[in-house]
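Each of the next two complexes has chain A plus one more chain, namely chain B in the first and chain C in the second.
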Partner chain A sequence: MTPILSTILLTHVVFGILAVAGMYSLWMMLLKREPNSANLKRFSLWSLVFILISWISGAYYYLTYYGAAVKPVIKGGAYPWAHLVVMEAKEHIFLFLPFLLAVVLVAVIFSGTKLGQDEKLKSALTFLVAVMTIIGIAITLSGLVISGAVR
Partner chain B sequence: MAIKTLKSAIWGATASILTTTVITIWGELNAPLKNWLASTFTHHWLGKSIISVAVFFGVWLVVHIVSRAPKSEDNNGVVWLLKFLAWIAILSATSLVVFYLYEFFK
Partner chain C sequence: MTLYSLFIASHIIGTILGAGAATFAEIFVIKALKDGVVEPLESDYLKTIYTVLRVGLIVAVISGFGFLFLYRIQGLEGLIYETKLWAKLTVVMILLINAIMLQARKIPLLWGSAISFTSWYTAVFLGLFRGISAPYFEILAWYVLAIVAVGFVLDKIHNHFGVKI
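Moving on to the complex of A and B:
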């Protein structure tokens, strides 16, 4: 792998983890009785930016290197399921995250400072953010499984 | 920012997630669809990525244009839609995992 591709792969991983950390932070903020509206906006915006960077860098790595150099190694190795199940599911479920984050960003902008007073809206948004975070953590762990299967 | 904008965004995300899930499973079962995605967009996954973005913004825009502004600032519809979107994400992710497990073990 060239240094540029290594950097792009690292970008995908680091920004993906930052996005998931941002989602988890949003979840914890929403569990507070009076969530800070400015922090919710800031974290949802940055998480969306991070997931977009991870998406673009991951796409470049996947399209230019993974398919030709990594996929055949995994499929021919001891853990073919790491590609055939884990990677296949991961690469498609990942596509849910930018849109879920976009909705969360619009929701926190829309609700503004009212979120603390509207328990039903806060509860529904917390549920959505919790689902999004759990999907994000599962995708991150899937990446570890796929990396391990190449070695 | 109106409730209408948020509701439209939720419908856009719901449609995008469902489209990604359906064309992924359908593409695996129907080679011509996967081949069409690959030939049109250079790679089937790139095609799904582009389609997911197009569906999100397309549905957001269309729902925003055709839906009426709510008479009150009642959030009940938004609450229901946020939960609906979360369940669509859960069911779609589960469907994809179960589908690829089935394909592996069959």
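Moving on to the complex of A and C:
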């Protein structure tokens, strides 16, 4: 792996974790009785930026290196399911996250400071962010499973 | 400074901040709840401690994944499937779920504190004693036992200081 590809892979990992940390923080904030709307906007915006960086770097790594050099090794190794099941699920589920984060950002921007009073919207957003965080953590762990199978 | 040194320094600093903050959080919660009322200054201290704890967690998690990244590019992928690593990840997951449950008030403060405190020290313990080669479920069984023991001790401490929750 070239230094540039290593850097791209590291970028994918670090920004992915930062995005998951951002989603988790959003979940914690939404559980408060009166969520701070400025913080919600800031965290949803940064999480979206982080997930996009992770998305783009991951896609570049997949297209230029993983498909040709890593996939055949995993498929021919002791854990072929790491690609056939885990990676296939990961790469498709991952596609949802930027869009879901954009939905959260738009909802937070338009609800403004009224989110605390609108219990229905707050519950829906809390549920959405919780699902996104769980997906984010599952995807992060999937990345580990895939990396460990390259042998 | 190599990438490995950077990750190891960050991981140690993150863990120190997290475990230290978890310890002080417990001490300050006991001090604050002795009279059953959390004063604004006490609340301010607790907020600062929880911020340090979160920063420690993020630094420790990112640097931890940094190690795994190094294993991957150095051809040491086998280490990623180590049971100790997955036990540590499970403990971190429980720590995260516990924080959510505490925030949502779905778990009593005593048990939430016991889980948080024990989880941080379990992570420290698993990091310190690298030679441990116990199976995954054995590590988790000891962890659950430690939570129960810490919960019992915290209950005694709360009673001793007359903590009103």
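We adopt the following convention: the second predicted complex is superposed on the first by the 150 of 151 C-alpha atoms of A that agree within 3 Å, B and C clash if a C-alpha of one lies under 4 Å from a C-alpha of the other, contacts with A are read in each partner's own complex, and residues count from 1 in each chain.
Note that contacts are C-beta pairs under 8 Å (C-beta built on N, C-alpha and C of every residue); 3 or more make two chains touch, one makes a residue touch a chain.
The model shown is predicted, which means the values in this text are computed figures rather than measured ones.
Chemist: Determine, for the superposed arrangement built on chain A, whether chain B and chain C clash or fit.
Modeler: fit
Chemist: I'd like to know which partner A:Leu63 touches here: chain B for first, chain C for second, both or neither.
Modeler: First partner only, chain B.
Chemist: With both complexes overlaid on chain A, does A:Leu128 touch chain B (first), chain C (second), both or neither?
Modeler: A:Leu128 contacts chain B only, not chain C.
Chemist: According to the stated criteria, A:Arg151 is in contact with first (chain B), second (chain C), both, or neither; which is it?
Modeler: In the superposed model, A:Arg151 contacts chain C only, not chain B.
Chemist: Looking at chain A, does chain B or chain C touch a larger number of its residues?
Modeler: B
Chemist: Is A:Val106 touching anything from chain B or chain C once the two structures are fitted on A? First, second, both or neither.
Modeler: Touch partner of A:Val106: chain B, not chain C.
Chemist: Name the contact category of A:Pro72: first (chain B only), second (chain C only), both, or neither.
Modeler: neither
Chemist: Note down the smallest distance between any C-alpha of chain B and any C-alpha of chain C in the overlay, whole angstrom.
Modeler: Between chain B and chain C, the minimum C-alpha distance equals 19 Å.
Chemist: Give me the intersection of chain A's contacts with chain B and its contacts with chain C, in residue numbers.
Modeler: Common to the two interfaces on chain A: nothing.
Chemist: Mind listing the chain C positions that touch chain A in their complex?
Modeler: 54, 58, 61-62, 65-66, 68-69, 71-73, 77-78, 80-81, 89, 93, 96, 99-100, 103-104
Chemist: For the complex, give me every residue of chain A touching chain B.
Modeler: Listed in rising order, the residues of chain A that touch chain B are 55, 59, 62-63, 67, 81, 84-85, 88-89, 91-93, 95-96, 99-100, 102-103, 106-107, 109-110, 118, 120-121, 123-125, 127-128, 131-132, 135, 138.
Chemist: Quick one: in the complex, what on chain A touches chain C?
Modeler: By the definition above, chain A touches chain C via 1, 6, 9-10, 13-14, 17-18, 21, 24-25, 27-28, 31-32, 137, 140-141, 144, 147-151.
Chemist: In their shared complex, at which residues does chain B touch chain A?
Modeler: Checking each residue of chain B against chain A gives 1-3, 5-6, 9-10, 12-13, 16-17, 20-21, 24, 42-43, 45-46, 48-49, 52, 56, 75-76, 78-80, 82-83, 85-86, 89-90, 92-93, 96-97, 100-101, 103-104.
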